[in-house]
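Lettered A, B, C and D in written order, each chain numbered from 1.
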Amino acid sequence: MSELQAINVAVIGANGYTGSELLRLLFGHSAVRVVSITSRQHEGQKLSAAFPNCFLSSDLVFEALDVPVISKKAQTVFLCLPHHESMEVAAAFLAQGVSVIDLSADFRLQDVSVYEKWYGAHTQKGLLKEAVYGLPELHRSQIVGKKLIASPGCYPTSINLALAPALKNKLIELTGLICDSKSGISGAGRGAKAANLYAEFANDFKAYGVVGHRHTPEIEQELSLLAGETVVVKFTPHLLPISRGILSTVYAKVKSGVSLDTIQNAYEAFYQNESFVSVLPSGGLPQIKAVVGTNQCHIGLAFDERTQLLVIISVIDNLTKGASGQAVQCFNIAHGFSETMGLTSIALFP
Amino acid sequence: MSELQAINVAVIGANGYTGSELLRLLFGHSAVRVVSITSRQHEGQKLSAAFPNCFLSSDLVFEALDVPVISKKAQTVFLCLPHHESMEVAAAFLAQGVSVIDLSADFRLQDVSVYEKWYGAHTQKGLLKEAVYGLPELHRSQIVGKKLIASPGCYPTSINLALAPALKNKLIELTGLICDSKSGISGAGRGAKAANLYAEFANDFKAYGVVGHRHTPEIEQELSLLAGETVVVKFTPHLLPISRGILSTVYAKVKSGVSLDTIQNAYEAFYQNESFVSVLPSGGLPQIKAVVGTNQCHIGLAFDERTQLLVIISVIDNLTKGASGQAVQCFNIAHGFSETMGLTSIALFP
Amino acid sequence: MSELQAINVAVIGANGYTGSELLRLLFGHSAVRVVSITSRQHEGQKLSAAFPNCFLSSDLVFEALDVPVISKKAQTVFLCLPHHESMEVAAAFLAQGVSVIDLSADFRLQDVSVYEKWYGAHTQKGLLKEAVYGLPELHRSQIVGKKLIASPGCYPTSINLALAPALKNKLIELTGLICDSKSGISGAGRGAKAANLYAEFANDFKAYGVVGHRHTPEIEQELSLLAGETVVVKFTPHLLPISRGILSTVYAKVKSGVSLDTIQNAYEAFYQNESFVSVLPSGGLPQIKAVVGTNQCHIGLAFDERTQLLVIISVIDNLTKGASGQAVQCFNIAHGFSETMGLTSIALFP
Amino acid sequence: MSELQAINVAVIGANGYTGSELLRLLFGHSAVRVVSITSRQHEGQKLSAAFPNCFLSSDLVFEALDVPVISKKAQTVFLCLPHHESMEVAAAFLAQGVSVIDLSADFRLQDVSVYEKWYGAHTQKGLLKEAVYGLPELHRSQIVGKKLIASPGCYPTSINLALAPALKNKLIELTGLICDSKSGISGAGRGAKAANLYAEFANDFKAYGVVGHRHTPEIEQELSLLAGETVVVKFTPHLLPISRGILSTVYAKVKSGVSLDTIQNAYEAFYQNESFVSVLPSGGLPQIKAVVGTNQCHIGLAFDERTQLLVIISVIDNLTKGASGQAVQCFNIAHGFSETMGLTSIALFP
């Protein structure tokens, strides 16, 4: 890929964790040139001021978020902004002809009434029909050439990839689905709260948002699409004393007469052409460490005959396949690049 | 308590994690004198040889396991031995008139056929009827004066305390119970395996024994007793990258018409006189760190209206309330001491 | 000790880490009744509001810092306040006849010009001569009956205990002393800074304050007293990815002709009657974990013949022997209690 | 680089931590084809059997170490073997015309008497003159085209890069050099010892090998070369509760009249053309996290006027720049590839 063909991109709100992860990946992408980064807090400072001792070789300087200025430089923008703020900025860039990959929740829910119930008023309803839900394994063909991509949430990615083959192949009952998820604390963002200090959170583990976490409707939207009817889940998030990674343990009642072999085969078939999803061999159980820093999702299956429950366990890195890596994957698909460009790194061991 | 009234105790198999935790607690117990510790591996060495730089002020030396010799010195022995080995040693000490508190699984299951299905042959069947399952909150009166106490497993303690009030008060359905448990890695014991090395397990998280973990029958025995009929559960253990602590997330279908207030009140009533179980105020969620190093169990409740599921979350320290602390609690009850003797320490913060 | 003899104490500024550690220790002290805790941020809230799920059984409520009100209730106050603020509050309590144990730096430096060079203006100079530097192993007799005790800093405690026997016995050269210290991050306090978030600090390690850390003059004051002449040290602090604990590696040139045996014997003799300092047997090296949560200091010695350097390694818990535990130790001495009251807990293993 | 030009390589002893790190890097190297991996323990098993859930997409199978067989396939072998074993295997491969990059200590010390004093008998003395010490920043030109490269130790790399500009420019005294190093525990290797279990080592920190660590002569060999005369250092290693990374704090007396500016400029000039060494701007202090998983070395400088000591702090990843990454860097130089091939990854943040 020659330098001339590279796409110029900007990262808006680059001083958070999805921002630093995007930059790490984009700097290693041979068809991308990062031409602008923005941050209110760090405007005028070098990139390394926001991430001490990281990105030392970059000369990028944080700019203000000036849409006309950035639109002259960038063909695609990645938005790492809070909900609500993101939708306004997305509309402004789209109006300038710039493609948008949005990492917020603002364009993930197709039913605006569901969005407004969980997040509050939506001011860019007209754009919802332009958006695609950027989970490539389920919506790849719709992503091609798209100008507005809603990059999925981290928990929904881990759960929807875990359940997709079972629902698509009608192997499980639709009621009684339980998703017990455990996430590294980077998912809580970079806001400085005492409870998230190293001294207080080290050696701890806890649930949070046990009722009514906002990722629930996003999970249910995709599962319902897969099942062809409304699916309701119990989703319980927990915080792990690690920086990165999500493991979801999903419980589903197996339909009568369906064997574990059938299920294992269905999962392997469903994902056989995917670069970023691996179904572990029968009996294998995933672990977070094997996917940290990568765009991979590992899935393992177990069947408990005593209770007729299928236990599906998936792992991803919440900041990579659960956020910035998936955004780059969508970027590759939208532009017709190889889907794995910039996403080939392997997890550290140990 | 004068020195003369102190009970002489021995810790058999004192070189593992339940052994060190017992010694930590017993050294702070004003009515106990530790007169003997045994370890094949460390025979003839000082206690601090097995736990470098710990217990520096103790002059105890590991002995061989010689039942007649130790029986002359000790009135009660705590057994920290592997399954099967423990039952033989228990029988030998009981024959000498020495009281036994057994931390293995050998006397936990009252139905010997269940034991033999999950653990193999039982050679001391006659003793099973002498044993009491040492979960004081459920069996306190039976523990008083008992000479053979089976100290419960860590996962069963966390789960059975979480479910007891709901089952006893018939607030939940008996089918579809799911227990998703997460344990610190000390539960895997002191055996040196590469997968448990710091370099490999740090920053990791994974499930294990997803089907058929041996704590399942112990959980079901107690839940069935509480419910008055057979209860089957799906139990899934995971390993947390922390040394100590278990958090169990338990899912149960609430019976029609039962409110969260009713449930909260029932839990508070059930545990109101307990020194070691705290039901958090409505909306409170437990965290592992608050109980590490203590004999406490914290329980929090949430009700998801969309799915009619009650989510019960409990935390304990797997080595304290989940093992050695509970053993000391039973010891106190058996001897008529105050139940909290030696067990009053408060968790470190931070 | 009967309830009537208990001392009523207050903890001023109880919502930080030295505050929670003091409360943990004082709640287990049989001759203390905590009658008041203060916090601007948490005024009117229960203690457990500041330390979620901790201290659940306490009914204490945070009060405003009203010196006359608290002086009616408390005989001794522990001050966990910032520098400068502490000196004013100390003066006010002393004027009411209340004893003060101050955990700030305000009364640690006897030479006010040194204080003012490193910390700024001192407004209570007259009180400096009333104060005693509360390192019991060096100043025990002066602490007895004292009404104003300056509890030492964490780094100085670790370093001064490491060097005291060598200086007192004139075994080492006074020039070229290097103190390379590594502290758990709780030493950075409870202020919410992004750099101290779990996600950012986990798996990290770094030096800070490499030139001019404020603990330097406190270290040099005590070492100079021990040596009988001015001692200058190079002190370099680092931050460890653990919550608690300090390990100091101290390098000193051994005087010609002095053997390691001589040094080992001098250390053992110096600390032979101390409850809280252990000199490890020859060849032993201390580790932080063995003292976490305890008031212990462990010291190990090594001699490198190639360079004639003595390497002295000491470990303490920065919040216990390095702060709140030492304050309680001073409290015990000042009141004529057994020095170990409330301070007998043993470190967790594992 | 076309596939045809790729170099076929083998990794001998691929089941340890330097092995997995080499494979991670080599799989991302566009001019390398890994054609063989060996392991006694895992012979006949797939690569992923040794590193669970890692390298899932590789079909490589561990082979026995059969030099003639592997010599037919591989042009270069990386040896990840214990000392002494490595020298024999190196000789055998060289005899077959295969290039060797040895990660053991066997060919690092040019003076065989020094090797034999610290490691025991050397059986391949004749090869020592063929070997080059593979620290590219000091010996780049000698590495070009070399068939036997001794990849440096992790501690020596961190210390020698920290001191090289100061020694080369004669800015510091040669006596009194103190190197206080702190390493992640992966440096202790994959052997399963109880002391290195997660449960025991988490939250701990300790020194080890305080006198006589075997990396001392390797450090002194290179420092003496730089200084042009014999240099002796005090080197003290410690173990950090992290998996990867080394921070060395080096203390050196500055020569009279030399300013920090002079030193800073000398360091920047010395490393200005280096891809893998960054001198932080004046006042900057390095941190381990910024280099984990990368081949980078960051160096920060501070000058303490009170003691006239220069404090030089360097950080590397012990498995990358401290072992496998540096081996790949040498491989690139030896073969005339761009020095950064396969080594461009950026550290994770957070």
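To be clear about the criterion, a residue touches a chain if its C-beta (ideal position, glycine included) is under 8 Å from a C-beta of that chain, and two chains touch if they have at least 3 such contacts.
Since the model is a prediction, treat every value here as computed from it, not as a measurement.
Engineer: When contacts are scored as defined above, which chain pair ends up with more C-beta pairs, B-C or A-B?
Structural biologist: By the number of C-beta pairs in contact, the winner is A-B.
Engineer: Would you identify the chain whose Cα-based centre sits farthest away from the centre of chain A?
Structural biologist: Of all the other chains, the one whose centre lies farthest from chain A is C.
Engineer: Using CA atom averages as chain centres, what separation in Å is found between chain A and chain B?
Structural biologist: From the centre of chain A to the centre of chain B is 39 Å.
Engineer: Need the CA-centroid distance for the pair chain A / chain C, whole Å please.
Structural biologist: Those two chain centres are 46 Å apart.
Engineer: Please work out the Cα centroid separation of chain B and chain C, and write it as a whole number of Å.
Structural biologist: Inter-chain centre distance comes to 36 Å.
Engineer: What positions in chain C touch 2 or more of the other chains?
Structural biologist: Within chain C, residues 17, 52, 186, 197, 199-200, 202-203, 241-244, 286-287, 289, 292, 349-350 contact more than one other chain.
Engineer: Any idea which chain B residues touch chain C in the complex?
Structural biologist: Those in contact with chain C are residues 17, 20-21, 24, 27-28, 51-57, 186, 202-203, 243-244, 278, 280, 284, 286-287, 289-290, 292-293, 298, 344-350.
Engineer: Would you mind writing out the residues of chain C in touch with chain D in their complex?
Structural biologist: Touching chain D from chain C are residues 176, 178, 180, 182, 197, 199-200, 202-208, 210-211, 232-234, 236, 238, 240-245, 247, 249, 251, 285-289, 292, 300, 302-307, 309, 311, 313, 349-350.
Engineer: Would you mind writing out the residues of chain C in touch with chain A in their complex?
Structural biologist: Within the complex, chain C touches chain A at residues 17, 52, 184-186, 188, 190, 192-203, 241-243.
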